[in-house]
Structure formats: structure tokens, C-alpha cells
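Going in written order, the chains are labelled A, B, C, D, E and F, and every chain counts its residues from 1.
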Amino acid sequence: MSELVLDAPFYLPAGDEVELFRAAYEERIPVLLKGPTGCGKTRFVEYMAWQLAHELVTVSCHDDMTAADLVGRYLLAADGTTWLDGPLTQAVRTGAMCYLDEVVEARKDTTVILHSLTDYRRTLPIERLGVSLTAHRDFLLVVSYNPGYQASAKDLKPSTRQRFMAIEFDYPVAEQEATIIAHEAGVDSATAESLAFLGDRLRNLDEADLIDGPSTRLLIYVGALIRKGVPPQRACDVALVQAISDDAEIQEAVRKVASAVFPR
Amino acid sequence: MSELVLDAPFYLPAGDEVELFRAAYEERIPVLLKGPTGCGKTRFVEYMAWQLAHELVTVSCHDDMTAADLVGRYLLAADGTTWLDGPLTQAVRTGAMCYLDEVVEARKDTTVILHSLTDYRRTLPIERLGVSLTAHRDFLLVVSYNPGYQASAKDLKPSTRQRFMAIEFDYPVAEQEATIIAHEAGVDSATAESLAFLGDRLRNLDEADLIDGPSTRLLIYVGALIRKGVPPQRACDVALVQAISDDAEIQEAVRKVASAVFPR
Amino acid sequence: MSELVLDAPFYLPAGDEVELFRAAYEERIPVLLKGPTGCGKTRFVEYMAWQLAHELVTVSCHDDMTAADLVGRYLLAADGTTWLDGPLTQAVRTGAMCYLDEVVEARKDTTVILHSLTDYRRTLPIERLGVSLTAHRDFLLVVSYNPGYQASAKDLKPSTRQRFMAIEFDYPVAEQEATIIAHEAGVDSATAESLAFLGDRLRNLDEADLIDGPSTRLLIYVGALIRKGVPPQRACDVALVQAISDDAEIQEAVRKVASAVFPR
Amino acid sequence: MSELVLDAPFYLPAGDEVELFRAAYEERIPVLLKGPTGCGKTRFVEYMAWQLAHELVTVSCHDDMTAADLVGRYLLAADGTTWLDGPLTQAVRTGAMCYLDEVVEARKDTTVILHSLTDYRRTLPIERLGVSLTAHRDFLLVVSYNPGYQASAKDLKPSTRQRFMAIEFDYPVAEQEATIIAHEAGVDSATAESLAFLGDRLRNLDEADLIDGPSTRLLIYVGALIRKGVPPQRACDVALVQAISDDAEIQEAVRKVASAVFPR
Amino acid sequence: MSELVLDAPFYLPAGDEVELFRAAYEERIPVLLKGPTGCGKTRFVEYMAWQLAHELVTVSCHDDMTAADLVGRYLLAADGTTWLDGPLTQAVRTGAMCYLDEVVEARKDTTVILHSLTDYRRTLPIERLGVSLTAHRDFLLVVSYNPGYQASAKDLKPSTRQRFMAIEFDYPVAEQEATIIAHEAGVDSATAESLAFLGDRLRNLDEADLIDGPSTRLLIYVGALIRKGVPPQRACDVALVQAISDDAEIQEAVRKVASAVFPR
Amino acid sequence: MSELVLDAPFYLPAGDEVELFRAAYEERIPVLLKGPTGCGKTRFVEYMAWQLAHELVTVSCHDDMTAADLVGRYLLAADGTTWLDGPLTQAVRTGAMCYLDEVVEARKDTTVILHSLTDYRRTLPIERLGVSLTAHRDFLLVVSYNPGYQASAKDLKPSTRQRFMAIEFDYPVAEQEATIIAHEAGVDSATAESLAFLGDRLRNLDEADLIDGPSTRLLIYVGALIRKGVPPQRACDVALVQAISDDAEIQEAVRKVASAVFPR
């Protein structure tokens, strides 16, 4: 499941995140990426893996994920059982970079197995095999989470959290976001700039605490639909208004901003 | 489980949903269909699959559905274990359209596996096989949900939701619904029009926030029972009044409207 | 588990339920039977299966019932695994009538698998086999529930409910119930009439909202005990008063009515 | 697990329970025994099984009991799987009397499988085998519960409950209890009478709603300890005061009554 | 897992508990030991097993313990499955004394299987084997619990509880405890007496309802540390103050008493 | 999984903890280490294992850890099942030191199996094997927990807790911490002293009850980033401010202290 990112992912640095990540990488300091939905954390990790020419293993965490999903498990085979390394164990063995996306979503046993990997020991205990694996010298652990909508019950325990340095992410500034939208949606720069402006306006709406985003991805969808001939207001309707919320008032507020940017 | 829809499903477009879907399909933008019970979302997907001559895989999601139900699992066989692709994996491999009906009903791990499929990566991680599958270029993901009766606890996370453009559905307008009822129930157009009028009246009842629908399907049932000789009021009683609610007051309100349309 | 009902079950129609069911059967409209405890829903289904000379599969639903209990599962055998059809799959394959008693008791995944069976598709998805089964043309789905004591949390979702026409059941009228009691308990018609009168009185008690029933079955038990020589008041005590409730006040109210009917 | 009770259990009838049970038995009416802790319900069933020379299968129900515990399950064997009948299935096949002690403690799926066994069908559906078993003509179902300490959440559903006639049990009257104590504990009749008098006093204590019992069994323990030379007050202390409650006030109340009966 | 206690455990009787236990043993009356943390209940049972030269099986109960943990289970073997007796079944078969420590901690199904073992039947139903095992004539059941910190939700049901006589335990009196400490910690009698005095003072602290103990074991630890050269106040600090509580106020109260006994 | 610590871990004693541990070790008194996140408890255990030249087995406990994870389990093999000792059983057999980190996180059944290991019996019951293992004479049990953020529901039961002597840990004093930071981060002593001073200030912040730490580890991360050329304020931002909290107010308070120590 580990992959070498061969083509440069399209990524525009927003600040010193590339330098910070590189320093952390060289010191093998575990990294926590914090930021809102769809602001580019996953793509940043792929970009850094490409820059550092380092194998990458990505795991999207979820409510029902257990330690076995990360570490590995026995499978029944014709001749008894066979052990199958999980994605984390693979990364630990081969020295890949392991990225656990939305790590707090996982069950508690998964965060605890990260402990000995993220202090001076750099070991991964595999209880089912009865061994403790010392991490390859190139192994680096990267995790992400979105502080915005995590229930407090789902926070990282301090004893886990204080094993990572944390880089904060936010949506790209308007100019940069326009470049991204033009590149990904294939629209002209005027449309891209309007969409980036629209994204910025929506993220600063009075109702902004009621919604999340919009992600850059949604703005790209709007652009792509416009390119396919969908009228701009209708494109905003399906890829922004309806995509962001089911609440009539919030939808009206979003629609109003969109109409101001793309008048009929 | 994937099927090619050979006969044109009977579907009457209500607006630009066919064009929007076609644009999304060409851009491979994941689609979210929002709308009330029985308004035709499932049939619309079958219709589009037929129009685009595209294989379709449909999965009805539910509370106990896990990622394994979608992705696949190992089965014990005489010679160890055999892997069985789940419906989503089948669609990803073969480039079918995959329709997850009422996706928020499923457990959280199922929505998270959709993440890498619905961003620029278009990959499906299959942890049990230790591989990450790149989606066939024709693969398209379509999901649906009913914003009306979803508990907030069962909402899609923003990080999932902002990966889809959203097309809103509603019940057909009266004229169109009459055409559908006549076609499906085999009744004359006068009866069909009365039933469509009745449906419209019920959906705009003062008590409308207490009930859902009625779906076009129930109106078709009434029509079919009338055709079989059941008196119209009695047909309304069993296929509308009793079918919609157990609450005596709501039943009385529904019955009153039905009596006005089909006087004894 | 499917059976052909060979002997006519003893059933006295209370209204047009036989005609309604027959019309639904001919149109293959799924049927929902609503009604209180022990009013004869199960026997009605057996009666209709006999009338229509149609195979019947009955499943009593419960809290822990899962989709696999209905659809089927793999069993370990000497040579790997064997698939065993569940009762619903059997009915779908062979075109039997499938009766799911107290369907809302089952877990949510069981109601969702009914969706594609109860709309124009008439298919049963069997995920474990990777197939979608088209129902035999004679297949009919019948479900029941008791609106009286269902917790709202256990209601059918509208998207499930609006796939059925609904026939309401109630206890038989006194005269009919006397006939049933005489037939089943083997008592003379005077005793049977007294018992039917007693049942009717109890169902209209001021405390009637506190109790359920009594079912016709309990009245038959009283009759049978009287026939065996148990004094009528004592028979009422064990088969009605004690059987209906543990609450001393309710017991007293029931006993008072029973004493009026069967004075010592 | 079925047994034939060979030696007459020591049981003193308190009223017409023997005649009622015999009538129910002859009519195959399912029986529910209601009564407090340790008042002799289990022994009564053994006594009736002996009187009727009928095989008896007893199952103590509990929170974690599932339908499979009653009906049976597949076991892995060298050559695939073997089916093992559960105790209820054994009784249904062989026509034994099946006694489910404290039936409401079991999970809901266990009570639902009793439904078709307790109406005119007298069948046991065994889903895992895909068969529905018609009960042997001698099969009788007997269940018990203690209305005193059942949480309302654990009550029998009316649709289950109204399938049984109910015989109420209580502690034996003092004279009878003395006979039992003398017989079981091997003490002289004066001591036995004192203990029976003590039991009666305790069951009518002001604090009686705070405690349960004492059961006849505890009174027999006191008697046996006295016979072994333990001073009566000390015997009451360990086998009544401490055995009934941990609450200092209740203990004091019980001790006071005991001291009055057995002064130092 | 059953063992014969070969060396006399060091136990000093506090009252008539040895005589009471012997009487219960001879009458095969099940015994419940009640008392606080670390007051010697477990050692008493070992002492009695040694005195009576009776095999002993000890099981520490816990939240996740099920009936199968006590009764036994099937294990997969090369040639199908093999049954492995649990510790209770072993004791029932061989006539050992079975001690279930902190029995209320176990799940409810474990207490229910004790029912038929603790009344006149003396049988253990083993559902998985389909048999009911009659207990060896020497079998005796002993259970313990600590009434002090049991949540009411975890109380024994009366129908379980009233099957045991109950012997109450408390910490040894100061003189006796000094003898125990001297024997176990290897300290001189002056130190042992000071420690016993300290224990007694702490158990009668105003804050005594906030803490449990200290157990005799902790006092022995303090003694052992003193013997190893740790200053008495420091030994009290680590083996009493810190061991009993994390609450600063309670720690201060404990430390004050300790300082009075062992002034710096 | 047991290891012999070959290189002296870098550990600076803060008080008499080394002597206390050595005394406990010689007396085989089980040890509980109490202290905040990242204050060096784990490293202390490794240091003592090295000093005593004793094999060490470390287990990080978590919510989903069961007794089987510690004791062992059966694995399916080609020829039936094979038993695999868990880490605790390994330590008990071979006489290693077993360190259970954050023991209260584990499920209750894991703490109960420690009972017979931590009193005079020194035995480990292995129910699945049907044996009770006497601990090797060199076996020592060490556990840790953080009293700061344990929910009361997750406290150790007194009956478990009063089986350990408890050594309290805190963060190193500033001078010592500076030495550690200089050693681990490779920074000059001036920077190390500033960081130690900063750590001390943060732990005594008014908001200190809202945060945990910072751990020494985070201070080392800051040092390492500074060494790699990251400006000190920025290094504090990512490795302290963002790493400790998501709360804007707390972040501001932390940032203010950091700015005072490392002015721009």
C-alpha cells in the first residue's frame, strides 16, 4: 500500500510549512497537521513525499478502526494462519512516511500503539507476533486532524498529543486559490478569481461558524461545471449552496453571496 | 451485482437534472442526490445509467453496514481463504457507476473509505488486501440522502460532504405525476389526475411537517386498487391514510382531503 | 421453512380484509397488517395462504435479528463453506408468500434489504453472494406490526413504510368472538358468549390504555379451564387477571368486571 | 439435559396450584409462574413433573442468553459442522416439559421464538437449520418470573405474555413452612415453628418493601446451623441478617425481630 | 487449576469464622464472605481449604467474565473441537471447594448458572455439552464481595443472594494485625505495633468514608521498606499516602496521622 | 517481546526514586508510578531495568485491551490451535520486569488478573490453559498512571490499588531539565536553560489547570527545530503553542510566555 509519488502533485506553499516539515523530517520529529476540511493537508503530505522522494503510506482513520487495522492481523490460510502486515507496520519496516488522516477518529487502541513509536524508543509493539519492531531510520509519522468539528470526547489525550509538533493549515489566500482553481478546473483566470473571491467571502460570512469551508474542491467543481456550460448561478447552486448545507437560511445566505459575485 | 440497464426506465425529467448529471459524469464529479422519500431518486439513477449505457451497482445503506460490506471480505474456502470483492470494489475495478442509497445510514468507516475515491487521487484503499486500487477511468460515485428525516447525529461530516456536488429532488409536479400514475397503475387519466391532485394537496397540508410524502408509489397503489374494483375511498384508506401514519389526528386530516377528492 | 397450508385455518372475516388482500396479491402490492396483540393477524395470513393455495414462509422478528437471518449465511463445512438461504431468500426464489411478523422489532439492516424488493425493481441484493436476485413473479411480501406499543424509536422509517398498503385489524366483534371461543375452547355457546362479552368489556375499560388486550387467546384459555372443571372466577383469575398485569389496581379492575360476568 | 424426576420432591401444595397445573397440562396451555424469590416455584415444577411422570428440562435464563442457547447451534467438528440441539429444541422434539426460569432475564430474541410454540401452531422455527419443528404432542412450556424486582424495561411484551395462563405463588403459610423447615433442616418442631414464625414476621416488616424474602431456604440454613451447634442468634445473624442486606438500618430491624424470637 | 494447599497459610482467626465455615462446610451450605479490601478473605479461604485438606479452585471475577469462563468452552483442535472444563466445572466434578472472588463483578449469566448449584438440586447445567452435572458430594461454593464500593447496579439479585449464608469480615484488631505485620514484613514488634496502631487510626479517620483501607498488605509494605532502610516517614509516604489516594486533602490527612506515629 | 536494556538510558534521578525502586525490587513489592504526561516514567523504568540488568517487558495499555492481550491466546494453526503467551505471561515465566503503562486505560478484566500476582500468592491464573502459573522469583510488576486526567470512572479499584506502593513523579527541576534538553536536542546550554525556564513557567501558568505539560519532549522538539535554523519564536509556535492546545485563549497565553523568553 506504500507508494512512491512519481509526478509532482500541484501544491502552492502558503508559508514556511515546507521548511518546517523538512526540518521535522530530518530530525524525525512526528508531525501533526491541523486545519479545516479540504484545505490541502493530504495534498501537502503527498507533495512533501514527492519532494523528499520518500515512500508514502496513507490511511484514512475512522470510528471503527482498530489497532489491528494498522498493525496487521492473522489470516486463515490453507496451512494454518498467515500474518499480514498492516499499513503502519509496512511503513515502520521499510522506512516509509506514514500518514494517518483524521487520526482522532480512530479507536483509542490505535493511538496508544503510536506511543513507543513517537518517543526516543521508536518501536512498534506487535502483540500478536510477540515482537517489538524497531522503526527503520527513515520512518516518519504524520497525522492530521480538524480542530473545528472534533467533539471534545474525541480529542487526542495529552499523552498522545505531546508527541508531535503541530503545523497549522488554513485555506489558501485568494490569489493562490485562483491559481489552483484555474489549474484544476480548466477555467479562465477571471472566472477563477471570481470563484476564489467567492470562497473567501463565504469563509468570512456571519454564518461562518455554522458552516465548514467551502473547500477549494467545491470551488473547482463550480468552475468545471461552468466550463461544461452550466450557467454560473446554477453551478454555484449545486456545487456550493446545496453541497454545503440543508438549512434553508444558510442556503439563502450562501446563495446571496454567490449572486453578488455571479449576477444573473 | 453490477447490471446494465437494458430497458429504458420510465422517467420524466423535472428540470435540468439530466444535463447536470451528464456534466458531472463527464467531469467525474461525485454526485449527491438530495430529496424526500419516494420522489424518484433511485429511478433517476437507473435512467441515467441507461442513457449513458453505463453499468450500475446499487447498494442500499443501513445502520449495520460496514466498510467490509462495500469493499469486500475474505471467505473461508476449502483451501484457506478467498477474497470476495464488495459491490464498491467491483464498480471501482470495472468502471461502473456506484450508487449508495441513503449513505448516511451506514457506519462511519464506510464514508471514510469514500474519501480517497472522491478527491484527485481516485483510489480505494483495501486494507485487508494491502493494496490501494486506482479507480477505472469510467467509475462514478453517486450517493443519496433524505435531508428531511436525518437526525443531526447522522449527518455527513463536512469533510465527506464537500466532496460531492448536490442535486436537489422533489416530488414531480401534478401534471407529470398524473402521467406517471396513469402509466404505472393502468388507470384512466381522470383518476390519475385526481390522485396527483390529492398527492399535491397532502404534501401541502398544515400537518405536512408531521408526515413524509406521500410518495408517488402510494398514489400508484391507490390507483391499482381502484382498477381492481376497490372503492376509491377504501383504496385511499388502506394505501394512504393507514400507510402514512398511525396517529388518529393525522389520519383524520388525510382522510378529509381524500374524501374531498373522492366523495362517496 | 416454507409450508403449504393444507387444512383451512379457522378464520372468520371481519370486513373486506379478504378482498383487499386478494387485490393486493394480484397486483403484488406489499401488505402491512396493523393491529393489537392476539387479534388474529398471523392466522389471517395463514388463512389467505390457504385460500390462495400459496406457499407461506413466516418469520417472527426480534431485536437481535439481522439481515443475515433473513437472507442467508455461509456455514463452515468439511470442504470450505456452504451457503444456506435464509427464509426470505427461499421465498424470493420459489415465489412463496413471506410474512415478517412484528417487522419493526428487527434491526435496521433487515428493513433496508426490503427496499429493492418492494419497489418496481422487485430484487433482493445478496451481498455475500455478490448477486442481486430478481423475485419470482409469485413472491409477495407481508409484514405486521402493533402500533399500540411500539416505541417511536422503533417506528418504520417513512422510506420503508411507504412501500406497503396497510390493512388495519382489530379484535373480532362480540358475536364473532363467541363463535371462535366456542370452536377453540370446546365450551357451550352461553359460556362463549359470556367470555366474548367479558373481552369486549375489558377492552373498553377506563384503564384500557394501561393494558393490552385481552387477546382472544386468553379468553379461549379461560373457556378451556372452565371445561376442565376449574370454577369460572378462578379460571378468569389465572388466565385473565394474573395473565394481563402485575399491577394490583389493574388486577382489581379486571377482577371486578370478571365477577360481574361470572358471579360466584 | 432432560431428566425424569425419579424421587418425589418434597412439596406441600398451598392451594389449588396442582389442579390448575394439571388442567393446563391436559389442555397444553402454556403456564407462567409468578412469585417472589425462593418461594418454591422451581420445586413445584419438579413436583409436577414427578406427579405427571413427565421428562423435565430446566433452563435458568439470564441477560446474555440468546435464542441460540435455547434452540441450538452449529459446532465445528473434524468433518465440517455438527448441529447441537439446545434444551428447548430437545424438549420440543421429545415432548418433555420445558421450564424457563426467570424468562424475562433473557434477551428479546429468546422470547420471540416462543411465539409460534405458544399459539395454535405449536411450532419452533429453527432458522439455522431452515426448518420449522412441530412440537411433540406432550410438549408443555412453563416459564417463571418474579414481578417484584423486574425493571419495567424487562417486562414481557404483551404479545408474549398473553400466551400464558398465570399461577401466582407466595411463601408457604407459617404452619406449612415449619413442616418444610423441620424436614429439610432436621431440627425439632419447636425450632422449626419459631423459624417459620420469624420468616412470617420479617415478610411483614415495615421495611418489607426494602427487602426480598427471606426465602424459605435461608430459614432452613438457620435451622441447619442451629442443629450444628451454632447459637440461634448467631445463626440468624449469618444466615438472615447478613444474608438479606448490607444496609445497617435494615440489618438492625431484622436483628431486632430475630432477637425477639430467639432471645439470648 | 485446582490446588491442594500444602503449607498452612498464616492466618489468625478473629472470631468464630472458622467454626461457622466448618459448620457450613459440613452442611454444604454455600458461603458468602463480605468485607473490605485486603482484610484477609482470600487468605481465610486458603486457610480453611488447608484445615479441611480440601482441594481449592480460586477465580477472580471481573466485568468481562462470562459463564463460559467458569463452565468451559470448545477449543478448535486438529480433529474438530475439544471441550475444556472451566474452573467451576472442574470443582463440581472433583468435589473441590470453588472460591469466586468478587463475584458481583462478573456478568449476570455467571451468577445465574450458580442457581441450580446452590439449592437442593446441586446441579450445574452445561448447555454447550447438553448435560446437567450433579455436583460431587464434597463440592462447596464460596463467594466474596465488598459491600463498601459496589455500585447498587452491581448488587447480587435477591434470588442469587438468598442462596448463601454470609460471614462478615473486618480488618484484624490492632494486636493481631501487629503479629501479622511482624511475621510478614520481618520487622521488630515495636515497629509492627506502631504500624498496626497507624492502620487502626486511619480506618477511623473522619475522612474514612472517602477512603478504603488501608489494607494490612500496605502496612506490611511499609514495614518491609523500613526494614530495607527507607526512613519510616518516607515509607509511609509511598506505601500509604500515595498508595491510598490522589486527593491532596486526603493525602494530607493520612500524612498527618503517619507523622504522629512516626515523628521525624 | 522482553528485552534487555543494553545501553544506559539517559536518566537523571530527581530524588530517592532509584533507592525506593531498588528496595521495592528486592522485596518484590509491586510498584505504581504516578505522574503527569511526559515526565519520564517510562524512561525511569528502562533505566532501572538497565541498572538491575533485568529483562523488561513494556505494554502500553488502552481502552480495548483485554486480559487475553496480556495473558495470551490460542491461534489457529495447520494442526489445530497453538497457544501464544502474552507479554505478561512471558514476564511471569521468565522472571522479567513487566511494565504496564497507563494501566487504568485497560479493561477491567486485565486489572483483576493482576490480583493473585500482587499478593502473597504470586500466581497468574490462565483460564484458557486451565493452569495457574507461579511467578518466577525475579518477576516484578510495575504499572503507571497519570492521576491528572483520569476520569474517576477509570480509577483503579481500591482492591487493585492497595496492592502497590506508589512513587510520585513530576517534571524535572529547571536545572536538570536544561541538562536533558541540551543532551537530547543538541543545543547550547543557554538555549537549553531558556527552554527549561520556559517549561517551568508554562507549568505554573494560571491556565495550568487547563493544560497538561508541556512535556520535556516538546521542549526538546523546540530545541531541535532551533538547531535546524527555525526561528525560536516559530519553533515555540509549532512545537509548543499549537502542540498543546487548539483553544485560542490558551494558545495566546502560551505564546505570550514564549515571547517573553524568546523575544523577536
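One rule holds in what follows: contacts are C-beta pairs under 8 Å (C-beta built on N, C-alpha and C of every residue); 3 or more make two chains touch, one makes a residue touch a chain.
Quantities reported herein were computed from a predicted structural model and do not represent experimental measurements.
The minimum number of touch steps separating chain A from chain D is 3.
Interface chain B/chain C: under half of the residue numbers present appear on both copies, so the contact uses mostly different residues. Chains compared, chain C against chain E: the Cα-based superposition rotates one onto the other by 120 degrees, nearest 5. Taking each chain's centre as the average of its CA atoms, chain A and chain B sit 30 Å apart. The geometric centre of chain A is 52 Å away from that of chain C, both derived from CA atoms. Note on chain placement: the centre of chain C and the centre of chain F lie 60 Å apart, centres being C-alpha means. Within chain F, the positions touching two or more other chains are listed as 76, 79.
Order of chains round the ring, counted from chain A and going first to chain B: A, B, C, D, E, F. Within the complex formed with chain E, the residues of chain F that make contact are 16, 19-20, 23-24, 26-27, 29, 32, 34, 66-67, 74, 76, 79-81, 107-109, 111-113, 115-116, 119-120, 125, 127-128, 130-132, 147, 157-159, 161-168. By the touch criterion stated above, chain E contacts chain F in their complex at residues 1, 3, 37-38, 42-43, 58-65, 69, 75-79, 84-87, 90, 101-102, 105, 146, 149, 184, 211-215, 217-218, 221, 224-225, 228-230, 234, 238-239, 242-244, 246.
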